[in-house]
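Presented sequentially are two complexes of chain A, the first with chain B as partner and the second with chain C.
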Partner chain A sequence: MIDTHVIRTRDLAKSYGSATAVRDLNLSVGKNRVTAFLGQNGAGKSTTIKMLLGMVRPSGGEALLLGKNIADAKGNCEVRRRVAYVAENKPLYGYMTVEQTVSFASSFYPDWQTDLASHLLNQYKLPSQQKVNTLSKGMRTKLALLLALARRPELLILDEPSEGLDPVGIEQLLSMLVARAADGITIFFSSHQIAEVERIADHVCILDNGRLLVDASLDLLRQSYRRINLSFTSVISERQLRIAGVQKIRTDGRRMSIFASQNADAVIARARDLGVVSVDVARLGLREIFLETVLEN
Partner chain B sequence: MLYYKAWLETRSRFLTCLTVLALFSAVFTHHAQGFLHPEWKTDFYRLLFIAHEYVIILWILSVVLLGMGGLVREHATGTSSLSLSLPVSRAHLLGVRIAVGIIEAIALGVLPWATIFLVSYTGGMPILFPQVAFYTALLVGGGMAYFALAILVSSLVEGEYTAPAVAIGLVFLATIAFDAWLRRFNLWRLITGSFSVDRTTYLLAGHFPWLAVLASLCAAALMLLASVRIIQRRDF
Partner chain C sequence: MGLFFKLNPTTGQPLYLQLMQQIRHATETGALRDGDQLPGIRTLAEELVVSPNTVVKAYCELQHQGLLDLRHGSGAFVCVRRRTRSLAADVQTARRRLRNLIDELREDGLRDEEIERAFEAELLHPAYPAEIARKR
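Up next, the complex of A and B:
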């Protein structure tokens, strides 16, 4: 059977002493999708990515990256030829020039696209002979992205890719990512920028305190998450409305605000049984879903 | 290209050390020739024996500096994730750094005595080539353990200044400790030629201490293997 997932983790965990960075993570990232990895700072996103790439050893569980077990150092090394990774701080060797950096990176990848690299060098206006340590943060980000995109990876992993880019650079980046995804490259990226995620992601995973809270397609999230505002003639116990899918209830006297991940219709039906006088149902954007989910946790 | 990267990383340190060693050797030999009569051969060889000790100090400082850097240092500066995302193993990354370091350490060991040989030859007081070879082999063969120690320390300590300070501190401590309790096994005395020098002629005499140099190389290999294991197991 062909595995349609490029990343699969089972109970993946990482602890640093008594601090747990990632706990029992069961994550699946589908092929040919743009998957966003959302979470606050310190949620465990970077640690998860580093575990997948063999930079950090898991404390427990297992994971497959492009079908290879990450615990197998040799297999993981081979897989890295098919995966491009751009870390959050856009690491580059400061003592190399832009040209040396491109030449250095290209030597490791047989599928290196020289034309694309040249095109991006021109588009990003990167000065070939300038030392990397003299480039601005935005320029470094562009160079790091160039190195990732030109190697024609099967999987592109980006940690906060738009950090350090100006609005024009962000626009170019998002367009480029959409184009790469259309070419069949799977993209897995972490971001704080929810607007960017909403714009390009097909699938969203929300991580908080090392736990995976949400793993669903963006369409499904939009369809299923609702805020339901209810008014009653008398004070109602929250317990009476705690049914499957209800994530959070805020009560203010006879008014109630319910955050539901599913079953909105069932909640409304229950409310009607309880004599609700006013029902207001609102669809939620990713921003609200993210904030409510994380704050709830 | 990893060799090129390792060269770019160490290039300025290597060339600086090379220049210092070459200048020191040339100036010292030229100066020694200036106040010695040609017939004072013994004193000339004695001065060369002393010069070798200074060369060793400079060489050790140089190889300690060359041994710095690598993945642990890159982790501190934030570039390790670029190196580790390359499709090469950690052992390969470290292996390339060690290989380039060894070549540079050999060059730094050969150059001072090549300079001394040339300066003494052009100054009319040529020294015996076997003496040059003996000193060079002692320095490079025996001294490689110092380079391996620097690699080991750089695999454990990430501070830019802390790592060389720890490595140099360990060199001093080991020299003093061995001299106090295990003088026969003191690496410093081996590579200075103290075990081989004839105190009347100040020529290195007798057989080359192959066994001792081999033991030192084995210790170096063990330290390098330990460094590889440490790097393979470490989180970045």
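Up next, the complex of A and C:
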């Protein structure tokens, strides 16, 4: 069977002393998709990414990156040629010019695509003679992205790529990522910006406090999550509405507000059986789903 | 071409469905006609800044519904067949009726947000016979 997953983890965990950064993470990231790794600062996103890339040793569990176990040094080395990584702080040598940086990076990768690198240099309008330490954050991000893409990776992993960018920079970044996805590159990026995740992601993994809370396609989330507000003639016990899919119930006298991850129709059917007098249903965006899920945790 | 379409990622409706609806709407209003070519997947994804899979899914579904013709290597073309036309007429009528209803509700003092939520609730009405939905 061909594995259609580029990343797969089983009970992956990391603790620093008594502090747990990532707990029993079971993550699978599909091929040819844009997957977002969404979570607050300190949720464990960077630690997970660093474990996948062999930069941090897991305290438990295991993980496969492009089918190779990350604990296997030989396999890891081969995989790293097929995976590109853009780190959060985009470490680059400030004293080099853009051109020198590109040429320097190219010497480390036998499969470096010179044509693609010069194409991207033009497209991203990078000033080749300018020193890296004089570049704006947006330009720095573009340069880091160019260095990652010029190797034509199968999988592109980015840690908070939009951090520090202004709205125009974010727009350009998202558009560049979408274009790369259209080239068939699988993209996995971490972010705490819901607005960008809900635009370009096919799939979202929500991490909070080291735990994976949601792992689903955005289409599915949008299709199934609902907020249902009900009014009854008398006080109804919450227990009567706790059916599959109901994540949270808030009661205020005869009124009830239900946050459901699925089965909204069954909730309404139950409410009708209980003699509901008014029902209204709202669709939920990723922001509300994220907040409800994370606050619950 | 992509300028026709505007997707709203915050509404809680899948983006591919929004794109499908907007393409269908464009064929109903005549903004898109039989034989018109739609932008390529990459072009449209970049213009709308959405995952290319969103465009692929919308195009495939529309092809399945007979509204698009995907020709290998040359792109996506609108095909408005007779069945689609009669469906389009039905939809036009339905829209008129809806518009009247919405006007009435607004006159009754309901806010758009309340109307929207009421619609959502009624669409999920369990007594709503599934056969009617299927007949469409």
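To be clear about the criterion, the second predicted complex is superposed on the first by the 291 of 297 C-alpha atoms of A that agree within 3 Å, B and C clash if a C-alpha of one lies under 4 Å from a C-alpha of the other, contacts with A are read in each partner's own complex, and residues count from 1 in each chain.
We adopt the following convention: a residue touches a chain if its C-beta (ideal position, glycine included) is under 8 Å from a C-beta of that chain, and two chains touch if they have at least 3 such contacts.
Remember, it's a predicted structure, so these values are computed and weren't measured experimentally.
Asker: For the overlay on chain A, clash or fit between chain B and chain C?
Answerer: Superposition check on chain A shows chain B and chain C fit without a clash.
Asker: Mind working out whether A:F108 is in touch with chain B, chain C, both or neither, as first, second, both or neither?
Answerer: first
Asker: Kindly classify A:R222 by the partners it touches after superposition: chain B alone (first), chain C alone (second), both, or neither?
Answerer: Touch partner of A:R222: chain C, not chain B.
Asker: Between chain B (first) and chain C (second), which, if any, makes contact with A:A73: first, second, both or neither?
Answerer: It touches chain B, and chain C stays clear.
Asker: Once both structures sit on chain A, report the angle chain B, chain A, chain C from C-alpha centres, rounded to the nearest 10 degrees.
Answerer: 150
Asker: Scan A:R272 for contacts with chain B and chain C and give back first, second, both or neither.
Answerer: second
Asker: Is the number of chain A residues in contact higher for chain B or for chain C?
Answerer: If we count touched residues of chain A for both partners, the winner is C.
Asker: Which partner does A:G54 reach: the first (chain B), the second (chain C), both, or neither?
Answerer: first
Asker: Would you sort A:M96 into first (chain B), second (chain C), both or neither based on which partner it touches?
Answerer: Once the two structures are laid over each other on A, A:M96 reaches chain B alone.
Asker: Have a look at where A:R242 lands relative to chain B and chain C in the superposition and call it first, second, both or neither.
Answerer: Neither chain B nor chain C is touched by A:R242.
Asker: After the superposition, what is the least C-alpha distance between chain B and chain C in whole angstrom?
Answerer: 26
Asker: In the superposed view, which residues of chain A touch chain B and also chain C?
Answerer: No residue of chain A touches both chain B and chain C.
Asker: In the complex of these two chains, what residues of chain A are touching chain C?
Answerer: Result: residues 32-34, 171, 174-175, 178-179, 181-182, 195, 198-202, 218-219, 222-223, 225-226, 228-229, 264-266, 268-269, 272, 279-287 of chain A touch chain C.
Asker: In their shared complex, at which residues does chain C touch chain A?
Answerer: Residues in contact with chain A: 9-16, 41-42, 45-46, 49-54, 57, 114, 116-118, 120-121, 124-126.
Asker: Report the residues of chain B in contact with chain A in the complex, numbered from low to high.
Answerer: 1, 4-5, 8-9, 74, 78-82, 84-90, 232-233, 235-236
Asker: Give every residue of chain A touching chain B within the complex, in rising order.
Answerer: Touch list, chain A to chain B: 50, 53-57, 73-74, 77-78, 80-81, 83-85, 87, 89, 91-96, 100, 103-104, 107-109.
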